[in-house]
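In the part that follows, the structures are each spelled out as structure tokens.
In what follows, chain A forms one complex with chain B and a second complex with chain C.
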Partner chain A sequence: MILVEHLTHIYAPGTPLALTSLEDVSLHIEEGEFVVLAGATGSGKSTLVQHFNGLLLPTAGRVLVGGRDTRDKKVRRDLWRTVGLLFQNPEQQLFEESVFAEVAFACRNLGLDEKTVAVRACRALEMVGLEPDRYRALSPFALSRGQQQLVALAGLLAYQPPVLVLDEPTSGLDPAAREHIWQLLKKLQQAGHTVVVITHHMEDAARFAGRVVVLHRGKIYRQGTPRQVFSDPGGLRAVGLDVPMPCELMYCLQQKGLPVKSGIITLDEAELELKNLAMG
Partner chain B sequence: MQGNITLGFYVPGQSFIHRLDPRTKILACLAMTMAVLFCNHPAGFAALSLVTLLALGLARVTPQLLLGILRPFGIFLVLALLLQLLFTPGRPLMMLGPLQLTREGVHFGFQLLWRLVLLIISGSLLTLTTSPLMITAALEDLLKPFRRVGVPVFELAMMMSIALRFVPTLLEEAQQIIRAQQSRGAAFTRGRLVQRVQGLVTLLVPLFASAFRRADELATAMEIRCYRPGANRTRMHQLRFHCRDYAVLAGTGVLFLIVLVMRWWG
Partner chain C sequence: MCKISIQGLTHIYNYGQPGERVALQEINGEISPGELLAIIGPNGSGKSTLARHINALLLPTCGSVTVDGLNTADPASRWEIRRRVGMVLQNPDNQLVASVVEEEVAFGPENLGLPPEEVRQRVDRALSVAGLVEQRLRPPHLLSGGQKQRLAIAGALAMKPSCLVLDEPTAMLDPAGRREVMQTLLNLNRQDGLTIILVTHFMEEAVLADRIWVLSGGRLVMDGTPAQVFRCREALQKIGLALPGPAELAWRLRNCGWPIPDGIYRLEELVTCLVDLLTRNRSGGSS
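Showing the complex of A and B:
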């Protein structure tokens, strides 16, 4: 679906402020995958995902979406219909006078009729856990940051792009809302969407991702299933990441010389393993 | 459009110009500005251009960066040139349809163009090599005498520095917002006029909202730190003139005088 080949991106090239934010990144995201993008602050995650819908263009290398090069102007113009991108800061895009209009904005840009737009907007609000009747008429500026984020997410879900790319959708949400969003994304993936999520929560990544891609200083440091990626806590910690708690626990036990399996990433697995250990 | 060097950007460095006292730079910039405005003699322009070139070299500004500085002004410069070329009355050189190109038009057109370029460069050199903090400190110091007559110097200097500090931030933010809205299908550069105006609304509302929010937060932050204009604060970096500052001041002063002399007696 999204093919990234030897992508290098330099901000402000040719000036004293030039900064290489991505260096020779190659990545293939298949249709229907659930990919989590992780990496320390400033490792280039946001920069990378903005290449997926043609907002940023490669300084070198290329990005193909559905086989079409994002450098092609005509392709780029309509790329947002295929690849829906949720930005890191929702407050940077809210401008309508009501939550409803905000959520409907992208739908309207698709050229849908008002009735469909209304139905979809309300559905999307429900999906993210905001009751439409309570929120639709409020001003988006009167909401809390977390709620604004949910509104922005609803706006994305309402126009139903086949690929969903979300830049830290759960930062600043309470645990219940966070869980809800992850479950929702999983459901969307099962319904056929391709989902790419940036997050700093490794526990969630371990539970939901089909593949985890770790960026470090603009390069791909490691990628694979959560089990593969989290098998080496030391290396991950060196690039500024955590490993999920169960994983960490098993690793510590192993270090103490106890016979536990490695490659454990969920709480349930850890519980089972501890039981086995206690039984002897 | 992504991440260009914009007006008012500060690029840290260790060049000769960077190390000058900020007051020197402000005064020299002022002298250059006046000189450029008063100058009307080819020899004067040559001298001013040479000095500007020397300053660019001393500040280690690459041709690429220079182009980056001038590019945003491109349209404005061309427009200024065209207006002068086509609408200055005088001895005709040739006809272009209903308009005529005059000798004076060409003269004044290119003179104006050159003036503007020199002004932009000397202004940019100041902000490029001086941190907003230093500019504020220098302004406060330079304007001190005016406090006697009731000019709110500290407030003015603080306002200046805040503005300088936030122009690049807001430009950066505007680009972010444009990208966010484009990825929701907003049209900025295509479509009918109505759509473009709508596109502008989707940019301006979040931009203003953010500017006000920033202003609010900044005000709170300043209050928390007990900021009071004019309170007698000491500085981490005391401003001090060195030999190089006197040399630069003397140089630009002399240049300014020469230009003045050429204008009235030349």
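Showing the complex of A and C:
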């Protein structure tokens, strides 16, 4: 679905401020995959995903979405229909005067009739857990930051692009809303969407990702299933990341000489393993 | 020292206008000098609104907020209150203004009209506390997220506040940045006795506080030590919060009859407890 080939991105090339953000990154995201991108601040995650919908163009290499090159202007003009991007800071994305108009914006651009737009917008608000009747008339700027993030997400869900790319969709959300968003993304993936999420929440990555890709200083540092990637706590800590708490717990118990199985990454697995251990 | 007293605080946005919205209702509480208080609560529960009242960025619709006896509603006290209560926002980019790290930190003290030597001293001290001495000549926008947030903290510290209010200072940071910032805050609190009010969604951060306030729907619904608050799993879940991971696992095992004592909510505590249980179990042979 998204094919990244030898992608290099340099900000302000040829100036004294030139900054290489991505260096020779190759990555293939298949249709229907659930990929989590992790990495320390400045590792290039946001730069990478902004290439997926043509907001940024490669300095070298290329990015193909559904086989079409993002450097082609004609391709780029319609790319938003295929790849929906949620920015890290919702306030960079919101601009309409009401929550409803905000959520309906992309639907209207699809050329849908007003009735369908209304149905879709309300449904999207429900999906993210904001009651349409309570929120539709409010200004997005009167909401808390967490709620703004949900509104921005609803705007994406309303027009249902096949690929959803979300840059830290749960930062600043309370635990219930966070869980709700991850469950929702899982459901969308099961319904056929391709989902790419940037997050620092390793516990969530462990539970929901099919594949975790770790970036470090503009290069791919590790990738694989959560179990593979989280099997190396030392390596992850070295690049500024954590392992999920259950992983950490099991590691500590192992250090204390208890015969704990490796490869445990979720709370459910940890609970089960502890019970097995107690049974002898 | 810094004593904060909140009495009958109600805040209504757009009071008497269309779009009127009650954000805080009848909040009562005191924060003692040197305390580390965490404020948690679901989205839209009023955490940020409450935080902004403590340094008079917002004023009460009803009730009062006082800092060392100074009322935030009194215009004559407002600048003194803002000097005593430093504020750090979620996104450091919204707060940083200068093009060199040490100039950023000097901004506040210079505006106080202090002599240059005094400014220098304050800047050096703030940078050293925030661990940014090596970065002092760099442009802020080239710092990592954790460094930027520590710079915002240094900027606040240079005003010699007796209290820091931080509104989700780690929400946008990676795990390493989060650890750096939390360590800085703990040092400031434990070593320098600074009063700290930390708004957060990370339960792992809330467990480090002396006391936790839980807000829901604009009301203060719980006030207690981490042990007291995280004992109330159901009540927290009902309002959209969760236990820290180790507390959740402890609860589940306790629920299956494991003799795990109440009040375990940190990883190290859980490890000690489990090692004890499991080794005794393995050598004793019975479960």
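As a working rule, the second predicted complex is superposed on the first by the 280 of 280 C-alpha atoms of A that agree within 3 Å, B and C clash if a C-alpha of one lies under 4 Å from a C-alpha of the other, contacts with A are read in each partner's own complex, and residues count from 1 in each chain.
We take it that a contact is a pair of C-beta atoms (placed from the backbone, for glycine too) under 8 Å apart; a residue touches a chain by one contact, two chains touch by 3 or more.
A quick note: this is a predicted structure, and the numbers were derived from the prediction, not measured.
Touch check for A:Asn109: first (chain B), second (chain C), both, or neither?
Once the two structures are laid over each other on A, A:Asn109 reaches chain B alone.
Between chain B and chain C, point out the one touching more chain A residues.
Of the two chains, more chain A residues are contacted by C.
Can you list the residues of chain A that meet both chain B and chain C?
Residues 89 of chain A touch both chain B and chain C.
Write out the stretch or stretches of chain A touching chain C in their complex.
Spelled out, the residues of chain A in touch with chain C are 39-42, 88-89, 138-139, 142-147, 150, 168, 171-177, 179, 200, 202-203, 237, 240-242, 245-246, 248-249, 252-253, 256, 258, 267, 270-271, 274-275, 277-280.
Looking at the complex, which residues from chain C come into contact with chain A?
For chain C paired with chain A, touching residues are 13-14, 19, 21, 41-44, 48, 90-91, 144-146, 168, 171-178, 201, 203, 237, 240-242, 245-246, 248-249, 252-253, 256, 258, 267, 270-271, 274-275, 277-279, 281-282, 285, 287.
Which residues of chain A touch chain B in their complex?
11-12, 14-17, 50, 53, 55-56, 77, 80-81, 84-85, 87, 89, 91-95, 105-106, 109-110, 141, 155-156, 159
Report the residues of chain B in contact with chain A in the complex, numbered from low to high.
Per the stated touch rule, the residues are 2-5, 9, 11, 13, 62, 64-65, 68, 173, 176-177, 179-186, 190, 201-202, 205-206, 209-210, 213.
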